[in-house]
Amino acid sequence: MRTILRYGQIGGTLNAFIGDVHRKAISIDGQAELVAGCFSTRNPEANVATGEHYGIEAGRIYRNYKEMVEAEAARTVDRIDFVVICTPNNTHYEIAKAFILKGIHIVCEKPLCFTATEAEELCRLAKERGVLFCVTYTYTGYNMVKQARQMVAEGAIGKVLDVKGEYLQDWLSDEVGDDVHTDRKLSVWRMNPESSGITNCVGDIGTHIEETSAYIVGSPVKRLAAVLDRFGHPLDLNANMLVEFENGAHGTFSCSQVAAGHYNGLSIRVFGTKGAIEWEQEHPDFLRYTPKGEPTRILTRAAHTGGHALEINRIPSGHPEGLTMAFANIYRTFTRALLNKANGKANDGEWDLDFPTVEDGLRGVRFIEGCVRSDSAGSTWVEL
Amino acid sequence: MRTILRYGQIGGTLNAFIGDVHRKAISIDGQAELVAGCFSTRNPEANVATGEHYGIEAGRIYRNYKEMVEAEAARTVDRIDFVVICTPNNTHYEIAKAFILKGIHIVCEKPLCFTATEAEELCRLAKERGVLFCVTYTYTGYNMVKQARQMVAEGAIGKVLDVKGEYLQDWLSDEVGDDVHTDRKLSVWRMNPESSGITNCVGDIGTHIEETSAYIVGSPVKRLAAVLDRFGHPLDLNANMLVEFENGAHGTFSCSQVAAGHYNGLSIRVFGTKGAIEWEQEHPDFLRYTPKGEPTRILTRAAHTGGHALEINRIPSGHPEGLTMAFANIYRTFTRALLNKANGKANDGEWDLDFPTVEDGLRGVRFIEGCVRSDSAGSTWVEL
Amino acid sequence: MRTILRYGQIGGTLNAFIGDVHRKAISIDGQAELVAGCFSTRNPEANVATGEHYGIEAGRIYRNYKEMVEAEAARTVDRIDFVVICTPNNTHYEIAKAFILKGIHIVCEKPLCFTATEAEELCRLAKERGVLFCVTYTYTGYNMVKQARQMVAEGAIGKVLDVKGEYLQDWLSDEVGDDVHTDRKLSVWRMNPESSGITNCVGDIGTHIEETSAYIVGSPVKRLAAVLDRFGHPLDLNANMLVEFENGAHGTFSCSQVAAGHYNGLSIRVFGTKGAIEWEQEHPDFLRYTPKGEPTRILTRAAHTGGHALEINRIPSGHPEGLTMAFANIYRTFTRALLNKANGKANDGEWDLDFPTVEDGLRGVRFIEGCVRSDSAGSTWVEL
Amino acid sequence: MRTILRYGQIGGTLNAFIGDVHRKAISIDGQAELVAGCFSTRNPEANVATGEHYGIEAGRIYRNYKEMVEAEAARTVDRIDFVVICTPNNTHYEIAKAFILKGIHIVCEKPLCFTATEAEELCRLAKERGVLFCVTYTYTGYNMVKQARQMVAEGAIGKVLDVKGEYLQDWLSDEVGDDVHTDRKLSVWRMNPESSGITNCVGDIGTHIEETSAYIVGSPVKRLAAVLDRFGHPLDLNANMLVEFENGAHGTFSCSQVAAGHYNGLSIRVFGTKGAIEWEQEHPDFLRYTPKGEPTRILTRAAHTGGHALEINRIPSGHPEGLTMAFANIYRTFTRALLNKANGKANDGEWDLDFPTVEDGLRGVRFIEGCVRSDSAGSTWVEL
């Protein structure tokens, strides 16, 4: 019986934020070892340095993903079980496709790819090849987000009537106003259509609102009307939407990268016929729950949770778990599902495949396309 | 020189919430005495009891507003200077008109009336007759709302980019879901088109979002797209909007009377090129102010205010002023303006007429009509 | 049957903070009219101007309290029912005593007087003469403080184990550190032993902690050990205490006038065998209530209150009541009790005399003396 | 040059909370591998299972610490560099001493040991043998606690005047009141003097207040007066203290395990002549900073930090780092210092030895002894 998996990584040199979060998150539960990688194509030195830092043998530090997929697929022993893709958005599709075709399982950063057509192809191929494909919408990994999903599913707030989601950041504030730094390096790739696709803000953070709220509500967005603000740039930095979920609930979504005073302000509030649930990413271990007509209760992780959220709990209440644990929760489920698969066990429990999948990735791409389509047509309503 | 004004009141028997708030607010600064009234037409006993409670002489407790306007207008001495109208929405127009025509100044609850046509007529008449006409959008009376308006005007947050307003209550929660009480007395008049007009929630609280945000931003809403939720009732209980201000800023407005956990949750957040300002009615003495790139500052009434907001300050910082003081601030300005007028002084200072007027009332009616028009047309965009 | 009382005021010219709060608080319910006063002895012009501003007849604007007490006591008609004493602390005793001896009821600012001996005399005299004597410990007037008292009394948190009270302000911050302004006018009388007595901070705000917590807990402080910080000044600006209540509960009290970031930060937290209650003056309409083992509930005024707290409720939940309403609550009870007395009705209901009395004032003086005695003896324990 | 260390662990089977936190924290930066251990003496099966789970070779899964220290010390290759001690408090002293004597570096859970005499011996021995000895007072590892220490050191709040520390939990709430479960397994060892020593609450969490506040303030506690509440149990469950720091600042400390509504509520507030700093463990990425006379600023990790706190930053602002990262920060510094030592580099940078040491452990033991001594003597003042 296998107990440890092997993985490779594409993108994510030593100093890159998200690539490092992936490695740390995997290390927390120790279910997978990094054994191969292509951490940078443009910067061979950084590629090698990163690989060496992690003790990867020289022959498995690859110059590009094509070399890697061929070499790994050709191995008869110690082949990687899954690949983690942390490259810029414009490369996800071709890399993911190459690995699927070799039957290697996938963890890919979001957004999944640039077009719904590409995303549909990846969904189809993953299904055909039996590949487990996780798209890291991190925030559904938080313990209290799972608790919220459970509570909504169990009817704690009755029928969902209204959903308010927002995701506010301030890191591109210098891009607006009189003192715009058009040459700021920081923002280059996010604001460049070539690497970011048709959106910046909506694709980077707006999709998290959709994914996290759909996860909690248990129903995706069906229609929307969106206003995107570009403030003179080629891509959006701010957006507001009216949304309608498949279950009939209405609501608003707002995302911004120019909202002073907000750093990673994702919040989801769900109002139902019997109560309400409110969650904020910057204080993730808490959940405000109001049964209709009663005082609001501050639910605390571990102390006031049950079911799956309680089972997957890591440390006692009052000790903040933080973002890395949310990531680790996703990886723990993903790797356990892979191990089950490797060991011939079924993944038939209710939460066995509780990680964001390529299907969520497809929905995310459709959401992005819908926002742009609506905005281009005078912010009229579009179906997703 | 006159120092004390005389006023009459229509509506607002002893147990009515808002009528009492008006009287208490006026009493705080002692600039006007209640000397006449018609507190109820349908309930003559409550009418007389209220009048007597306030020591009004028998001859000036009137059976209906028509009797009152005639009698008061005919008086040569001690005639009322202004009338306070706290009756159901459907009567505001005719009562206000009758008093304007007699040259009696007016304070009227919002919404001003039912149609923009009526509102335009009231605006025109008030102007022609030189009548001061205040519409009590209470929340612009809060000290820190004035501080916010000042700061935006002085450029503290640069050019306004985005505005998020919301007003959430829960008091009609029992009107949705399985346990709907269709016979609940509490909600009768608000949810009855005859007394409430074409909206319930949007007219009752949604208009406060528009008025308060326009006051802070210094620019009104120009266009919007609205989704109204009626949940099987004739009028709306929940609404979401995309808005565009005249100054070009976009944003969202949300109002609800079925949002569990929220009691009178008006909040306005304004994001600009140089910073942001955020205010919540349930904690009115505080203002969150974030200069771009710096930590958020918690501004406290009196301690961190200046200009007009500091001058009109009533009690030291840290001692909550509360709703009644917001009301009293409006009345203090209104009565001072009337006294100036009575004493032949000009009201030409920047803040001399700093109270919500019949023009604001007109804008409120247009906002309500715009919301319904948009919603009826599939939530498309409409100009106000 | 009398429905309106007459009162006189000593101290509290037009611009004085607390004198004005008293007048506004009384005006809110309209149960008493200001008909006499001596607003300043040292400044005859301000005295007359204040009297005239409130329409007091010339003959009842007195030059000093002695003239006032004689003249008012001598009146056979329209004599004042009660006097409001808002003068500096060092004058409370003699003024209060003079009015008691004439059978005139009293509202006096805290601290009641300078020594327990004086306070005991006032208690005895008030009892002998049947005088109602209110000492305005404002904070027990807040609706949610009454709700807290009720809940503790009803056993909502079980047996009280621990009490943490604090009252932090920053307004004397400039008195410490390198940039001390020894000539600051603002702080003169508070920091002058002649006008303030043996303490500044403990007497001004520390006593509020004792009074408010004793009111909520239903048991006074019995013993304490105190550390007073004078930072080179004759009187204290900061203090910390270990306390033991009569019911056996332990806890800490802290007060400060040099705590940057705190304006009027009175908070009381009570922990019991079955739960906890926490209240903060800067957000007075809320109460945190935690039943043991369950999530914390945010109780909101009016929405989640019962009994007396619900009955005395003034405006709907979510609309902040503020400090003036807390004051008005005290005055409403006090004036109703006086009216009952005047009209021959018993004050035998549980909450009929629910205002802070001269006995509370005595306890406050003992608390102050205890703190100074403990501090002087090396912060050892003293009995109150 | 060595880049990876080897460590062994004593205590901390698979299901134990704190042992697992240590392993996860070490894994995050990957600077040390677990190669030996004695995870349980009483439960040989759990011991072996834990060792196997982490892939430790059979010969290095020891039956008791004595066997381990002998065997490891005897190894000529791959000997462990340091040992992590996570056993009950009563065993720390003898285990730590045994490893020091063999020159093996140490990470030990707090409290360090039972008596100051023992602690002094460990300090002396560690110094003599050149052993790096970390005592895991976790909370000084938080990024914003380091930022607070920096700011105080740089004079941001001037001279420190007052310190308020508290640490409130509720997990032993069932031990007080009518429904005491004297046989509750959960609380057995903490409340048993044999395993916990002379205190429960003070030793478990009270010492964290002392350590964290001393770290921020840059000065330890010198004298105190303490009241310990045992509520009928042999050891304390609640305590309050008056404290005096060496720098002359006064303040209060409170700790409790029976404070309903608080889970791991450590908070430190420091007031100085030029401002104040306030930090709460349950929201560790934020710091309230108030420069005297100005509004409070909400400092956010990464966004508003500098110096060392910025350098050691792990993920972008707004993404909560959580407890495990605080632990990992301690381990990163400790292992880097060990690697420097191993590689012949000096640890002479300002922050090179920025981890809690055996000297802090000694101070913690003195604090515990002082609290008990004071309480036993009627809560009088004692020197530490």
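Letters A, B, C and D name the chains as they come in the text, with residue numbers starting at 1 for each one.
Everything that follows uses one rule, which is that a contact is a pair of C-beta atoms (placed from the backbone, for glycine too) under 8 Å apart; a residue touches a chain by one contact, two chains touch by 3 or more.
Keep in mind the model is a prediction, meaning the values are calculated, not measured.
> Both chain A and chain B are touched by which chains?
In this structure, the chains that contact chain B and also chain A are C, D.
> Write down the chain pair with more C-beta contact pairs when B-D is set against B-C.
By number of C-beta pairs in contact, B-C is the larger.
> State, to the nearest whole Å, the distance from the C-alpha centre of chain C to the C-alpha centre of chain D.
44
> Could you please state the distance in Å, as a whole number, between where the Cα atoms of chain B are centred and where those of chain D are centred?
Each chain reduced to its C-alpha mean, chain B and chain D end up 56 Å apart.
> Using the average of all C-alpha atoms in each chain as its centre, how far is it in Å between chain B and chain C?
Taking the mean C-alpha position of each chain, the two centres sit 34 Å apart.
> Among all residues of chain D, which ones touch two or more of the remaining chains?
In chain D, 262, 296, 300, 303 touch at least two other chains.
> Residues of chain A touching chain B in their complex?
Going by the criterion above, the answer is residues 157-159, 161-162, 164, 166, 170, 173-174, 176-178, 225, 227, 229, 231, 238, 240-242, 244, 250-252, 254, 256, 258-262, 271-276, 278, 288, 290-293, 296, 378-381.
> Applying the document's contact rule, which stretches of chain A touch chain D when the two form their complex?
It is residues 17, 21, 24, 27-28, 30, 54, 169, 171, 262-265, 281-285, 300, 303, 315-325 of chain A that touch chain D.
> Under the definition above, what is the set of chain D residues touching chain B in their complex?
On the chain D side, the touching residues are 289, 294-300, 303-304.
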